Every structure is written in C-alpha cells, then in structure tokens.
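When the chains are written out, they are named A, B, C and D in that same order, and each has its own residue count from 1.
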Amino acid sequence: MIRFPKPDFESGYVLPETQTVAARAAGWETLDVVLLALALAVGTWLVLKHRRRGGIVALMLACLAYFGFYREGCVCPVGSIQNVAQALGDSGYGVPLVVLLFFLLPLLTALFFGRTFCAGICPLGAIQDIVIVKPVRLPAWLRHALGVIPTLYLGVALLLAYAGAGYLVCRYDPFVGLFRLSATLPMLIFGGGLLLLGTVVARPYCRFLCPYGVLLGWASACSWKRVTVTPNDCVQCRLCETACPFDAIRVPSPERESEARWSRVRRMGLYLVLLPALALAGGWTGARLMRELAAVDPRVELVAELDAEALGVKAESGSRSEAFRASGMSEAAARAEADEVKLRLHRAGLGFGGFIGLAVGLQLAGLSIGRRRVDYEPDRQHCLACGRCFAYCPREQQRRKQGSTTEDTEDTKGTRRLLCNMKRAVGTREGRS
Amino acid sequence: MTDNDQKQTSRREMLRLVGRVGVLGCLASLAGMLTGRLRAGCIEAGPACKGCPDQDGCDLVTPPTVWQLDPAKCTQCGQCATDCVLAQSAVRCFHTHALCGHCKLCFGYFEPGARVLSSAAENQLCPTGAIQRRFVEDPYYTYTIEKDLCIGCAKCVHGCGMFGNGSLYLQVDHELCKNCNECSIARRCPANAFERVPVSEAYLLKGQGEEEGH
Amino acid sequence: MSADRTTSWRETAAWMVLGVAGVFCATLLVLMLASVVQMRNAPPLDTPELQALRELVRQQPEREGLQAQVQALDLLARRAHFAGGNALRVGSGMLLVGLAVLMGAAHVLRESRVGVHAPEKADDAAAADTAPASRRALLGMLGVIVLLALLIPLLRNSPAPVVPPVPDNGAPPVEPDGAENTPCLWPNFRGPGGLGVAADGDPPLIWDGTTGSNILWRTAVPRVGFSSPIVCGNRVFLSGGDASLREVYCFDADDGSLQWRHPVTGIEGSSDKLPDVTDDTGYAAPTMAGAGGRVFALFATGDVVALDHAGERLWGRCLGLPDNPYGHASSLIAFEDLLFIQIDDNNGGRLLALNVADGTTAWQVKRDVEACWSSPVLIQTARGPELILNGNPNVAGYDPRSGALRWSEECMSGEVAVSAAATDDIIFIANEYAVLVALRVTDGPERLWEYDEDLPDVASPVAGAGCLFVPTSYGLLTCFDAATGSQHWSHEFDEGFYASPVLAAGRIYLVDMEGVMHVIKAGPTFELLASNPLGERATSTAAFVGDRIYIRGAKHLVCIGAARE
Amino acid sequence: MKTRGIWIVLTLVAVAVVIFLSLRRGGPRVPQAYLYDVEQYREAETQVPLPYKETARWPLALREPRAVAVKGDGPVVVVGDRVALVLDAAGEELRRIELADEPRCVAVADVVYVGFLDRIVAYGLDGEKQAEWETLGEQAYLTGLAILGDEVFATDYGQRVVWRFDAEGKMRGRIRSASKSDGFVFPSPTFDVAADGDGLWVVNSGRRRVEQYSPQGKRGTMWGRSSMELDGFSGCCNPTHIAVMPDGRFVTTEKGLPRVKVYAADGTFAALVAGSVQLGQDAGLLDVAVDAAGRILVLDAADRSIRIYEEQPDDG
C-alpha cells in the first residue's frame, strides 16, 4: 500500500531513488583492533627488549598518523571507559565488541608489561610527546596535588556515563579536533593551550587529566614485567636523574633518615584513624558534586527548562520543552525520570566520593612510610615507558656497544658524550667529598 | 641488610601478584558480564536487536553501530546545522521522491508568501540554494538536494512537513559522519531523535513500504 | 673538531627553520583565529542586511531593483560561507605542516644540546623532604575539591529552585488536570481545585502571633480586602481595595517584602460608578487565581485584570457592574488556558470562561439562579474535570472545556455563599436555611445523604480522611462520616468562623474571627491539638504551601512557619 | 627561577580554563536564517474578529477519528478505529457500529455510508449493515463522500476521480478532469466533496480551489485563490475539507496553518472560524460538517474531539 500514488506522468519520468553512502564497513573496525593489538605487541617488544627510543618514536608517529589523523580519534581506549560504564548502568545499551577490546587490550598490556600504550600508541599522548621542547621539573608536592585530578575526572566521567548523562571525556577531548582539522573555538583554544603548555610541562593531559591513564597506572603498579632504566645493575651514576621529562624516575632513598621512625609511624597511625572521616567527607562532597553535575543530563535539563518556563522564563526556539510538548509525553513521567537520574548520580557520587577520600587517605598514609630504595628506577605507576632514559645509562651504552658493530652511529656518538659527562660528574662528586 | 632488602622485595612482589590477580579478575568479570549478557539473549531494544522480530536472530555481540536520526521525532529546530563537530554538518537533507507531491508550489523550496514561482534568491527558502527545481511535465516539478551545498538546517524539512507530505527529511550522511563516540548533535537534540543503529542499516529513510497515518 | 663544526652548522640551520616556521605558524594562526571568530560572530548566511532586504522584498514586491539586490547579496553570502569553510580547512592543513616543521627544528636544537648539562649538585636531603610538602599539597587539594563542591551551585547561578517541582507520586486526586504545569502551589481560593486540601507539606502546629513565635514575617497590606492570598513560586499575591482604588499586591514569600503593587485603573468600559457594597464584603472579596506565569484578579466593580509575575498588566477587562446586594464575592479559578468567573447577581447568573492569554470570552453560559457569593470548585471525575457551582436554587456541574452543563440539582435556598467540598466524585454542599447534602455526580446526581441542622452560611466545608468537617459562623464545628452522613462529633468554639477550614498534614486548620487558629486532628474523634492566636482578627482562608502558612489578618499578611535555627 | 616558571605555567592554565569556560556559556545559537518562519501569518489570524465561538467540545473515545458527517438536524456520525459512532445533537453516543476495516470517510442521510479504502458500505441508522458495494480496484483511495438527492458521490484520491453511485450502489459514472493542464492535482490525500442544490462542490486542493460540477460531470464555476493571506488557501494542497451551510455558504478547513474558514456562496472570504491559536499548531486534517441549525462541527483528530462552533453576535 503506497500512501501517495505516483503522479500520472506521461513523459516517462522515472522517480529517482534516494542516494545513500554506506557507513564505513564493519571490517575496518576489526582492522583497527588488529592494528591496536599489533602495535601493543611491537611497542612492548621495543620497550622491554629492544630498548631504543628511535623505534618507539617511529611507532608513535605511525600510530599518530593512523589512529590520530587517519581514523580521526574515534573510537579510542580513553573514551571506551564510558561505553563500558554506560553498559553497566543501562541494560538497554550493549557495548560493541570492538569497543570492549579497545578498552581491555591496553589495560591487559599494562597489567603485564607496563604502560606501553601511553608510550607510543595513544594518539593523544603522541601529539603531546612530539611538542616537548624544554621540560621543567615539577616539584613533588605539585605533582601529588595535580595527580588527584585524573582520578576525580575518571570518577565524574564514569558516573555520568553510568547514569546515561553523556560522555564527558569525549566532549572535552582536547586533541580530537586537531586530528579532524575541525573544532569549535573553545576546544581549539583548550587543545592549543595544552600543547603550548606541553612544550614546558611534558604531556600535561596524560599526567594531570587523562582518566584512562589512572586505570593504566593502577594496572601498571602491579605489572609483571616493567621498564627499567638500566639493562642490568645500577651503578648509581645519577646520569638518568634528569632524563625523564615526566619526573617518573625515583632516586635512591638517602642514607640517613630525615625524620625519626617513631614520629613517622605515629603520623601514619593518625592518618589511618582519620580514614573514615576522610571517606565520609569524600562521600558528602561526591554526592553534592554529582547532584549538581546531573544538570548536564538532557532529562534533567528538560525538567529545569520546564521549571524555568513555569516561573515565566521563556525558552528559546528549538528548546527541549518545545519538543517535549510535541511528543505528548507526560510531564510526571519526565520528572520521575529526571529525579531517577539525580538520585542515581547522588548515590553513585556518595560511593565514589567515599572511595576518593579513602584513596587520598591511603596515599597520605603511604607518604609517611619511608620506602627504602637503593637504585634509580622508574615509578611503576607513573612511568609512561617512553624510553628516553635508556640512552642516559652507561650500562645501557655498554650493552649496545657489545651487541653492535664498531660503526660510528648516532647512538655511539651519544654514548661517548655521556660517558664523558659521567666522568665529569663523578669527578665533581669525588672532589667534593 | 641485604637480607632485609630481599625480604622487602619479595614482600612487594607478593603484594603485586595479589594486585595483578585482583585487577585481572576485575577485568575478566567485567568482560564476562558485558558479553555474557549479550549471550544470554538480546538486550532489550538495543542495536543488536534492530530489525529482527524475535530474539533468535540476534547477534551474540553488539555489532558496530553508527549514529542516525529518526525523522519521525525530528522537530526541525535547526541545531543540526550548528552543533556538529564538523564545520560542515554531517546531517543533510534527504528526499524520498516516492512521497513527493511534485508540487509546482513547493513549500520546501519557496519562501512562504513567495509571489513569483521562480528560482530567484528572494523566493528560495534554502539559505544555501541547495535544492534544485526542475520541470517534469505540467503540472509537476521535481526537487533534488545538492548534497555538497546542504548544511542540514532543516528549513525545507519544516516547510515540507508542515504543508506537504514530508518527503524531505534529515539524515546523518555517513559520507561525512565521523561516528563520534558521543555525537554532539545527539547530546543537544531537543527531541532525542538521535540513536545508534547497526552499521548494516545505517539509514532511516522515509517511505520504506510502511503506510503512515495522518 | 669536525663534529663541533657540524653541530653548529646544524644548529644555525635549525634556528633559521625554527624562525621561519614560527613566523609562518603565528601569522597563519592569527589569520585563522580572526576568521573563525568572524564566522562565529557574524555567520555570512545570517547577515542582518540580507534578512532586512528579504523582508523589504516581501513587503514591497513591486519595487524595482530590490530583487536584484537580494540576489547579489545572497550570492555573496553563500560564497563567503563556503569559501570561509574551505579556507579554514586548507589553513589548518598548512598550519599542521608548519607546526610539524617547527617541532622538527626544535628537536634538532634540543638534540644538539643533550649532555651539556650534567646532573645537578646532589643534595640528598631534598629527596626525603618532598614528603611533608606532598602531604600538605594533597590535603590542600582535598580542601579545594570540597570548596568547589560547595561553590558549584553558586557558580551555576541558576535561578534558585523556588518552586519545589514535586507533585509526589501520591498527588491528591482532587488536583485538576494541568495543575502540574502551573507553578502555583496555592493557585486560588482554598488551594488546588478550590477544595481546601493542601497537597503536602507539614505546617507548624504551634505559633503565637502576639509573641512572634514561629512567625516568619508580618507585612502590612496597604488596602483592605476579604480576599485570601494565593501563592505562585516564591511570591504571594493579594488583592485589596476601597472606593478610591483597587490594587494587586505581590509579596516575597521568603521575607514578606512588598515586591510591587499594581493599581487597577484605566480599564476600558469600566464606569466610574461604584457598586453598593457592605463593609464586610468590600471591593476586594474575590480571591485571585494564578496559572501559567500569570495571576488574575477580580473586584466588586467587575474589573478583571491579568498580570505577569513582574506586575505588568497583560490585559484588563470590565465584565460590567455586578448587581449584588452585598458586593461581588465569588472567587476566580483557572484551568488549562481558561479562567472561570461565576457572576450570579440580581440579573440572573452567568458563568464566563475567559482565555487567559488575552481575556477574550472563550464561552459563556447563562444560569437561571438568584444572586449568590460562592466560588466555583474544580473536581476530577471519571468523565474528566468538572466545574461545580453552588447557587440558589441549583448546584450544577459544567464541562470546563466547553461550558456544557452536565447536571444540575435543585437543593439550595437562601443567600448561598458556601462552596463545595469533594472527595473523588462525591461532592458535599450546604447552606444555611437549606440542607447539607452529599451528591455522587458521575452517574447523574444521586443524593447519598442529607442533614439539616447546624448549617454553614459563610465558611465552606472540607472533606478528607473519610470525614466531612462543617464550620458555622456561630462557632460550631461538626464532623460527619463522609460516606454515611452519621455525625462523629461536634464541638462549639468561642468564636464563629468566616474563614474556611483547610486540611493539611492530616489536620484541620481553622481560624476564627478573632484570629485564633484551631488545629484539630482530622479524624472521627475530636482532638484539639492547638489554638494559636494570630494577634489580629482574621476572616480570610489561609494558603498552605510546603511547611508554611500565609494568612491575611485584618491589617497584615502573616507568614507562619518553623523558624530556622 | 624554577618556581617562577611554575607560577607562569599555572597562570597560563588558569587563563586557558577561564577563557574556555567563558566561551562555553550560552552554547551555539541557531541563526535566524535557518529557521522556518510563518509567524506573521499566524499573527494575521489574531487581527480579525472571530464571529464564531466554540460553544462545546465533545470528547471522542477514539484513538484516531477519521471523518464526521451530520444528517440535517439529526444524528452525527463519526468514524475511526474500525467503528462508527452515532451521536445525538448534544454529542451523546446513541449507537456504536463495528466496522470490518479502517474507515476513511462517511456520509449520512437515512442511511450511513461509510467509505473504506476501496469500497463503500451502507448501514442503517439502527446499526444494521444494508449493503456492501463493489470494490473500486487496487488503485482506489477514497477520501470523501457526499449525498446529492438519491445519489452518492465518492472522491477517489488514488485515481483522481469522483465516483457517482445510485442509492443501491450501482455505479452511474465518474467525474474526471477535462484536461490535465487544468485538472485535478492532489499532492497529498486531500480530496473532498460536498453537495448542495447547485450540484457538487469538489476540492481541487493542488490548485487551491473549489470547483462546481453537475452530477453528470460538467464543470461549472470555481473559486479560491492561492495565498498565505487569510482570504486565500495557504500551502501546497488546501483546502482539505469542505461542507456547505444551510444558507449556501461554505466551510473549509486547511492544514499547515490549521484554519477553519467560512466563504460566502460566491466564494469570497467571509470569516475565520478558528485558526492555529484555537486549534493548536499541530492540528492534522480537520474534517468538517454543518448541521441544519448552522452549527459547524469540526473533527479535531489531534484533540480527539468534535468542536462545535456557533455564530454569536457579540458577547458584549
């Protein structure tokens, strides 16, 4: 049954079909996953076995070109956390397998081999990595303070996705606009600003914003294998001390302790006693924060608009309330839905805030433990496995020399320079003592 | 001293092992939960189930999906033209000719109140002149959309839907759409007309066999 | 030696490239930003000139040359739109290449400097000393987050949600259709539907107007009136007036400050002749009504005005001077987009429905009744909402949308001033010298029970909790079983009642003429919970919104509520 | 030196955040040029007097009411949802006739003629099925019925003809346009017919006019002009329905800008009965009938009701 019979054309006019261009075929998505897995494998090999920055840079540029500029940023593991969270909260939403794999693969890699994904595969990391010009060292206190932000961001983003209120991380992805050569002005300023900042503060998004980095960091903290500065044993030459632009190399603990043991223990005890209070404060803050943030949900937005209209504030054309009235849905149902979202976020915020409070409390307590460290080693959680420190280590230079021919390559040139430096450094130290 | 160090090291290794197993368990149960639910049947009304009458035909995992907008829900607010992350919106006007009345006076083409039915700028509705009007035979005309010019503002959709048969409507054109994880138009769409559809049925074209009531 | 020379040559080249690329990128960036800002602020397709010209063509289609101008401008605009987009695309590509070159040069420069800086002087203490600072920083960060959570509501500067938008799941069945769209929680005389039942909230039990205990504010009302307050959002509206002027007042519900007063003057068709009114009816006896961001007021002169919440008049109209022995007293009630006015005077009665948008008459029905002073109430029945009008001699139900008379029952007599009470589809109606009768209205009026002693003549009854409470002007309050009409209890108070009782939070609130509000448990056994003096006489029905009571005394508008600690 | 750098960096971040937040405010606005605007025509409706008032509204217990007809001062018949409702003059339901299929149009004299997609079925006012007429073919799509004398006329949108039947359902002939270049055009299914002493009045909606035909199919006068103004027919295909008043005037309804209007017997605009303010902006097709007392019955499918309009001098 055709509702509109064809006009009685006599000239033999044939109705044209509506032309559509097919979406990118599903096969391509499979290719994305395969390439991701391949890149992770190659990256891991480069970082743990090959140990050369050059290879990592090559991989990074390749991934930036493919995942960044060619695939234009979607879907990326950073965003995938929200799909997973939404699937947990909304039984009507299914995560496509591709997205699930994008979420899992880098995490699994981190769990066994460290943050290879950050080192050379993530396009967001890569674009920041290539703009590092003159990294400054940030003081530890600042790193600790800013380090809370990603966890917070992760929590907020996950909760909003869980409640179905949208994908915050994707919305405020600063670099995806650069990959597409098309961004709104605010996002352009945000992304450009981060890159500008990134010339002196290395990878600011990765370290102080990226929510997926938090998960990778946790996984990496208990990884099976990991990046080391030196291929075998540390000679304590201190040459690698300034090698890391991300301040992720931990130096050996001093011989004598700056603080008496009992006072440290006492303070740790105090923080442990304070834990419940911190968790409570966190919970209260989280609940409050999430209730406010519920305003970004379209359903809550609609009710806010209806309320505003009831107070006599005219909504502009094309508003949610206008479309809502056209849909004929009952206002009570809309309100119930919005209340449900708010309640859900409120409850989830309570739990998550408590968790943050707990985590920060534990970190505070942990800062009171004097952990003994004898060698220079990368921080398990924060090392991005970029491989910059390798070339600074004299033992590494030795290893490479033994393995390579006598050709005067860039590497050996660097080694010569470094060994010379090392001698100088050791000389000053001896001279002082 | 060394003995103490070793003890400490092994203790930490142990802790790490526990942590590793814990994280692994978390990830495995997460993956199991998300795929297991799909395996158990269909998630209700999810993209996996689109187009199959019963649950038997469902895929075991959710197929890749793309964004599309449901013309039945669209209110022609005009935001598709401004809210896309792309400078040129991926939403464009589509035309189902089988629904078209082939009017001489087309309200998707002419300004309401146009006095002369000519293609002069002052008579045309489309801000970019993206609609082509051609004479077929008395009294019928045909209208086609120049895709490259269309900005997806839905002005013509509004006119055609209000006075005519609604043969003009908006669709996400997958030639342009980047398939963002979160579609920025979908987020602001006042009518919640955007949804994810399986990549195999990427368009919701009007007039596909069904008879609509009016 | 040779290595050094190479290095310096590379360095020089890198510096040059860096400089050129830097200047190139900076220039491009500035140009592109300017273009983006311009496209954003003035989209070429949306130039005001083009819009104005198109409008001109529409108005003066015959004018020569206009069309050509539009066409030329339109072409320019389209070109600018598409060219702008293309330029930005090309520009960003070029910028990207420029940045790549810039970064390449910067890296070459950095490479050439690697190794120049030796590790810094060792200060072993520094490593250990970071812990306390980090601890402080972490705690500081926590503080910042908590502060942020506290500040966010302020930063969002949204209008404070003054209207608690919560008709709970158990919204009262008497609430008329469309009430959920209105922000007015006490929209008219005797609250939602005009039935004297407060939807929710827990008003205080005890206060004392003479000492100020649990009195939130008390504001003088400029002109007298027997009308009751209505509450929309965080505003309380009242009407007042005397022979010289009739006014509408708006008070802030939170602090009682008088927000504005609107003199009802200059209404077309309103004559200078004033009606004959008695002192205990006055010029402002009808209570106002509020709906959809508007409030409406009617006066004994027959003038009706619609105002917005800011006090601007939307329309005003004179319905003609009512010919009424005491003065017009029937209150307003609004439903959907109609405002209902019952004018039963010596000329016979009529029921008017005015469009709230412009005050035009949507429909009007004639009523064959004597003069009366009762107010319409709105109930929900199986066949939709129904407007119940008490009159002499008929009680009648109307379809509020069309004005069609659904039923009518002859049972009243005397000077009818009492309005109906209702539970579901049973209405209770009474008047002195007539009868108290319970009518089931769905299947034609069916008399359920009757009672003919101790009848009210000013205050209206209220139904709820399975009971019907009937006050009289000589101080007797009687409680009946709503279903059977059997009398549960009866209690004589010292003073009589002109104000109507309100059922709120399972209690009956009833103020006597001396301003003492009695709180009685709403149930089949009599239990006087409290008697609270207002400090002045009171004859108007109070408004109950949330946990507060707004009541008009002889001179003041008073807000009763639990004082905040 | 080092700390100063950090503070510079922090300031940079803060400035970036502030700029970002300040730009976020407001969100993108849709340019005026992208919005479809017919407000001035709606505005025009409010500038004219409305001599007809809606005196009653009869709610219908139908999900999708399709058509309405009235027999002089007698019963009103509404069809939709596979049922025909017979109402009295006050809107009370007298009878409910179950139908086998989805009805499209209706006419009533002593018999109720219900038009389905491709055929007409006659029922008695008592609800008894009297006759089922022959199908009009696969292409048929009936949209309107009218009774003239003892003959029944049906408009067929699918085949662009008006069918002529005798009371028994025997086809007597068909009315089709004389020439294609000046004939019937129906971009959408809006093809209605009404009858009075002068013959048939057929809506040629694609040309925005009403044409008079003799029962034999000879075209007589025609009236109506295409215009967005109040006195003309707006849109691509209006009017959608027509009815003739006892005094020979016409009532027409329009979609797009929903309007019910009265035209004088010579086709000049007489009055606006109701416009989009009264009917709502999203009213669909509005069938219309007029009873012997001159009451206008408008079937408002969106509101699922019949609106009764009566001429009232003035309410003072």
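In this text, contacts are C-beta pairs under 8 Å (C-beta built on N, C-alpha and C of every residue); 3 or more make two chains touch, one makes a residue touch a chain.
As the structure is a computational prediction, the values presented were derived from the model and not from experiment.
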Checklist outcome for this item: Contact tally winner between B-D and B-C is B-D
Item to check | Centre-to-centre distance between subunit D and subunit B (centres being mean Cα positions), rounded to whole Å | outcome: 33
Checklist entry - What is the distance, in whole Å, between the centres of subunit B and subunit C, each centre taken as the mean of its C-alpha atoms? => result 37
Item to check | Cα-centroid distance, subunit A relative to subunit C, in whole angstrom | outcome: 46
Checklist outcome for this item: Cα centre of subunit A to Cα centre of subunit B, whole Å, reads 28
Checklist outcome for this item: subunit D touches at least 2 other chains through residues 29-31, 33-35, 180, 187-189
Next on the checklist: Can you pull out the residues of subunit C that are in contact with at least two other chains?
Outcome noted: 45-46, 88-89
Item to check | Overlap residues in subunit B, where contacts from two or more other chains coincide | outcome: 77-79, 87, 100-102, 113, 127, 151, 165
Checklist entry - What pattern do the touching chains form: line, ring, star, complete or other? => result complete
Checklist entry - Mind pulling up the subunit D residues that touch subunit C in the complex? => result 31-34, 53-59, 90-91, 277, 308, 315-316
Next on the checklist: Per the contact definition, I'd like the list of subunit C residues that touch subunit B in the complex.
Outcome noted: 45-46, 54, 57-58, 61, 66-67, 70-71, 74-75, 78, 81-82, 85, 88-89
Checklist entry - Taking the complex as given, what residues does subunit D use to touch subunit B? => result 27-31, 33-38, 41, 64, 180-181, 185-189, 206, 226, 228, 234-238, 255-256, 284-285
Checklist entry - In their complex, what parts of subunit B are in touch with subunit A? => result 5, 8, 15-20, 22-24, 27, 30-31, 33-35, 37-38, 43-48, 61-66, 73, 75, 77-79, 85-87, 94-102, 136-137, 140, 142, 144, 165, 171, 173-175, 177-182, 184, 187, 190-192, 199-200, 202-203, 205, 207, 211-212
Next on the checklist: List the residues on subunit A that touch subunit B in their complex, please.
Outcome noted: 1-4, 6-7, 9-11, 13, 15-18, 20-26, 29, 72-76, 79-80, 82-84, 87-88, 91-98, 100, 104, 107-108, 111, 166-167, 170-171, 176-177, 180, 182-184, 218-219, 221-224, 298, 317-324, 326-327, 372, 374
